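Data block below; observations after.
Note that the chains are named A, B, C and D in the order they appear, and that numbering of residues resets to 1 at the start of each chain.
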Amino acid sequence: MTFWANHRNTLIAIAAVLIAAPFVASRPVWLDSAVILGVYALLALSVGISYGQAGILTMSQGAFASVGAYAAALCSARWGWPPFTDLVLAMLLPAVLAYGVGRVVTRLSPLATALATLALGSVISIYIRHADDLTGGYVGFAGIPAIGFIDTPLEYAVLAWLLVIAVVYGYENLMRSAHGRALNVLQQDQARARADGIDVARSMSAAFALSAAIAGIAGWLYAHYVSVLSPESLDTNISVTALLMAVVGGAGYVLGPIIGTVLFDTLTRLLPAAELQGLFYGLALVVILLVARTGLMGLGEQLIGAARSGLGRRAAPAAGLPARAAS
Amino acid sequence: MNKTTCKSWRRAAAVGATLGALALPLAAAAADAPVKIGTVLSLSGPAAVFGLPERDAINVVAKKLGFKSPGGRPFELVLHDDKSNPTEAARAVTQVINNDKVVVVVGPSTGSGILAAGPIASRLKVPLIAPAGTMAVGDRKNEFWPWVFRMAINDATSIEFILKDMAKSKAKKVGVLYQEDAYGKTGVDLAKEIAPKLGLEVVETVSAPYSATDLTAQATRLRNAGVDTVFLQVSIAALGTSFLKAARQIGLDKPIYANAGLAQRSFAENVGPEADGLRTLSIGNLPFEPIAEEKELSDLLKADGKVPQGWGEIVGANGLLAALAAIDAQAGKEITGESMRTALEGLCGFRSYARGKICYSPDNHDGWDGSSLTIVEIRDKKMRTLD
Amino acid sequence: MTFSEFILRGVLAGSIYVLLAVPMSLLFSTVRTIDFAVGAYALVAAAVAASVGGVLGIAAGLGAAVAGSAAMALIFLLLKRFGCHNHIIYALASFGVATALASAVLWQYGTQSFVRDSFSQFWSLAGIRISPQGVLNLVTALVAVTILYVVIQRSQLGRMMRAAAVNVMGSELAGIPVELIQVGTYLVGGLLGGIAGLLILFTAGLDYSAPLSLTLSGFAAAIVFGIDNPFRALFGGLAMGVAEALAAGYTSGMVTSMVPFLFLLIVLGTSRFGDATVAGDRT
Amino acid sequence: MTGPAFDTPVPPAAADALVASGIEVAFGGIKALAGVGATVVPGRIVGLIGRNGSGKSTLFNCMTGFVRPGAGRVTLGGADITGLPAERVVRAGIARTFQTPRIAEGADVRTAVLCGFFNSAKTSFMGSVAGFGAARREERRLREEADAVLEGLGLADLRHTEVRRLSMGLVRMVDVARCIASGARFILLDEPAAGLTQAEQETLSRQIRDVAARGVGILLVEHNFALVRSLCETVVVLETGRVLCEGAPETVARDPRVLRSYLGAVGESDEQGEAAA
């Protein structure tokens, strides 16, 4: 029972995946979508941890995924590492990069940090474009092998969503620990965080590194599944899309980014013209910020709360209102 | 808008197909069921400059044929956007094959899109008719090579064509400006490789990212290298314009050549007098001086309210015609992706909207040779064919 | 000779960045946020001006750019009304506006590049050929910066702006229309962005993909020497133009492409810009 | 080493006292503190009073690492902690509260207190993500300890109540609980009685005394002289960045300078203060 209490989101995710599985497995094209959706869900979750929890508005998740993807490509295709061993590097490399940069930029205001991540993402992607020997430059990297025995779209879909569930599980573990609470505190009030003994820059950097590692997993999965990489594969657009997905779904909630991912993917397919995609994304973002800043999850929570209090269970007013001292 | 008409006929086709399926007894369906052709093109993103004309041409040709192949076999088009992005290209190709059961795909529009979609096409055993010159697409080392048929001139042929024209004018030292992407990079590498064979030398190369607005520094660098002629490996019109303006400003008065990326009506019309004299490679000259075969396509487009843009239409229309020719080659048989592939490999000299002959064989998937290429010169906002 | 030519060309190219940097600096001073849509205003102005043409086109372009910034200002006001006082949310919203505007231009005008011609003659300056357009750009930037400097430092409006920037609540109590000033700053951003767009239209041209990098270049230029003064934005913009020109002249394409971002990273990493100094509630 | 001469001798500094001495702070040319000091001994309660702008908050912030002094030293048990960042000061055993409590209103009381345990959590960041047995055991231990702290302060029944539903007095108690949770040997309270009802003030005083009785040194920045007098053994009075006088509350209350500068000024609004004088 305590598992239910502590890992509600994980169980909900498992249930949703199990319910969707038979439908998805019946249509080959959905299987493919399920894999890519899993990649996006991982990226959006990585935004959730960094923006939703640590308050770092990150615009470099695509670049971190790229680093992970190229690491996977190099290890498996060029150096012949055994399957899955390359995952370690695909996570570690972005994480180290993010931690190092995080230590420098997290002492800045949130706005400056956001810009720094955007610049960082751009520098990484420019480097990838130009490092011909390592990454194949603009032309890209072809012939990335499958992950060992995992070969069919079905197997990839299963792996992708297992990874999503694993990340949700780890995310929940984190949020139920001292480190997770520290992130909550420092996001709302850095002075309070310091008074609790929290090293703000270190905690934020650790969260940023974790989020980069998750983006790295997404890149790793992507590289092995699509088998071809080019600098445009996981570019700034992907970073922005992942950010939008997380914000619209509710970046502060564990499952918010996943809901945003599924929603965005569905709605994008219904658009009349591809040119309008940016218009749709932009307006969706503005509307969600105006109407429900905490995302759809937050909106849902508010509605549930309103329905409850509408039933007569109004909160008792706080006794002894806070009064400022004479000044 | 183009989009709406396209959408509405698709919807009409879908409704028609549904009604047809309801009306006909199932047994009769097999032979007469339309063959499905996928078109996965860049309708948005940087490559939309080529993807949109490709789509328009495919649409008007299909309409003109009444959605029946020249041999009388009904067909259906399934259109998807690859968003100039390899991931989307791979997804779209998977989708049209798995969901819509197409037997051949025209597209994706970009080289990287084709590289991403190739393994999928190979796995699902459906050939791609690929409208891109990128060398890597036609690399025999690719596992998916048997499944990709190029419907464009490969870059090596194109660049050699340009450099030959340069060599004619006694130029020796070549400067190259290339855009920072696969198109630009492969172009500059090929130019460096091919130039010495023609007695030319690439003495300086400079690059520019998509977003660059000011290229005077790059132009200055080429001027200072003392080049006799400049080669632009650029498909982003903004970069081409920016460079031409910069070249004029800094006094780089040398002949400038551009690869086919700039052979577009919108570029010729938008750019000012600084483009006068710019020579660009093109497949035909559809927008301004079409030869007889091209004229037919150009008229079809105009009749449909479209303005011919460049070689995108030629490539797109011929992609569809190649697919239809391959379908007709299998008259009366059941058509699958594999049978399409075999038929495409036997295709040679079918009716097309292009100068030059398109020929595939089990050994050659590049189709076009240099005979369909031409150099056009931009003057007074028009592209003039040079002989 | 060559070196000085690169410097000169960099200065001329940098004047565009100045016009993009100034709105960043103003907005950051008064609202403590960033308008990601400044580059998009430039695009909108260029696209509208190119399609309408002539003097009317220029007016229409500027009008469209200001209209774009008015939409952003409205969203900003609505966010405030709905109780949002988070600067990063304003920035995020402007990101949405930027995406939407660029997409609208793509939808309306396609992927074409917008470019128009101005001068066909060239001037020679110590043997270096320059276009009068480049000089016009530089003069425009200088005039814009000077006007803003005078307004901010010498006028009543400027005093109110500075007060509003330092202490919102105090200014409101003192009867300063803080919100009006903030909205005005967004609109000035639209106007300056629009002017920048028009100058690019006549200088080198741009297409629908330009906005984000224009915004970033503007921001990088704005913070190099400190974000709090339009004159610093002037020097920042010119410095970045020169750095880019030198990089393009002497280094690889990789370094040239990285210049704006490296500028940003280095400045953010070394300056105390936006330093999250935190203290107890009473220091 | 000592600051200005004191009227009354400082209580003998215990080996592990928190001592600030000769602290100088200037904000943009204005001297907020000009060589002041204070000493807090484990188990004792020291009051820090002064008018607004006298520099008491600045001294408070210097001692907690929120403001870096321009000159002077802060030592803890002899070890120099001057200029350490706030989070390291906390780790050294000095916790603070805020005048306006900074506690997320949506959180429940136990969560708020759990946040104070950040320093005693041993599991690494990644260890927490992995959530292995050790991490889970530690989380259980922290919850038990949080309950114990709440129990000790008589707040056990409120552990599942949201902070926003608490009265100001209780919120301040939760803040104190959070300080205790951090394992602090010294707790610095920033105007804890502000905005409290009389009854709440009395409860709070009782609790503070209990905490001190357990060996925690307490520094109390306060306006309310009555509260200071009832709690503190030593009072430091600041005026315009200097120590005006220091000593037992009764001594201080009789000091004419204090009467003139401080108690007189607040006397009109603070009858007890006047009565004390």
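One rule holds in what follows: contacts are C-beta pairs under 8 Å (C-beta built on N, C-alpha and C of every residue); 3 or more make two chains touch, one makes a residue touch a chain.
Labels paired with UniProt names: A = Branched-chain amino acid ABC transporter permease; B = Branched-chain amino acid ABC transporter substrate-binding protein; D = ABC transporter ATP-binding protein.
Worth saying up front: this structure is predicted, and the values here are computed from it rather than measured.
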If you walk from chain to touching chain, how few steps can bring you from chain A to chain B? 1
Taking each chain's centre as the mean of its C-alpha atoms, give the chain farthest from chain C. D
Central subunit by CA centre of mass proxy: A
Which whole number of Å gives the spacing of the CA centres of chain B and chain C? 37
Could you tell me the distance, in whole angstrom, between the mean C-alpha positions of chain A and chain C? 31
Averaging only over C-alpha atoms, locate the centres of chain C and chain D and give their separation in whole Å. 48
Mean-CA-position distance for chain D and chain A (Å): 40
Where in chain A do residues touch at least two different other chains? 126, 129, 191, 194, 200, 273, 275, 277
Expected list for chain D, residues touching two or more other chains, is 64, 66, 96, 98-100, 102
Chain C residues touching 2+ other chains are 106, 212, 252-253, 257, 278-281
Contact set on chain C toward chain A in their complex: 32-34, 75, 78-79, 82, 84, 87-89, 91-93, 95-104, 106-107, 212, 216, 219-220, 252-254, 257-258, 260-262, 264-265, 268-269, 273-276, 278-281
Which of the residues in chain C end up touching chain B in this complex? 2, 5-6, 9-10, 12-13, 16, 106, 110-117, 120, 122, 129-131, 134, 200, 203-207, 209-210, 212-214, 241, 244-246, 248-249, 252-253, 256-257
Please name which positions on chain A make contact with chain C in the complex. 57, 104-112, 114-116, 118-120, 122-123, 126-127, 129-130, 190-191, 194, 200, 236, 240, 247, 273, 275-286, 289-290, 293
Taking the complex as given, what residues does chain B use to touch chain C? 44, 46, 48-49, 52, 180, 206-211, 213-218, 220-221, 224, 236-238, 240-242, 245-246, 248-251, 266-267, 270-274
Across the complex, what residues on chain D touch chain A? 52, 64-66, 85-88, 90-91, 95-96, 98-104, 111, 114-119, 121, 123, 125-126, 128-131, 135, 139, 142, 164-169, 171, 178, 182, 191, 194-197, 200, 223, 269
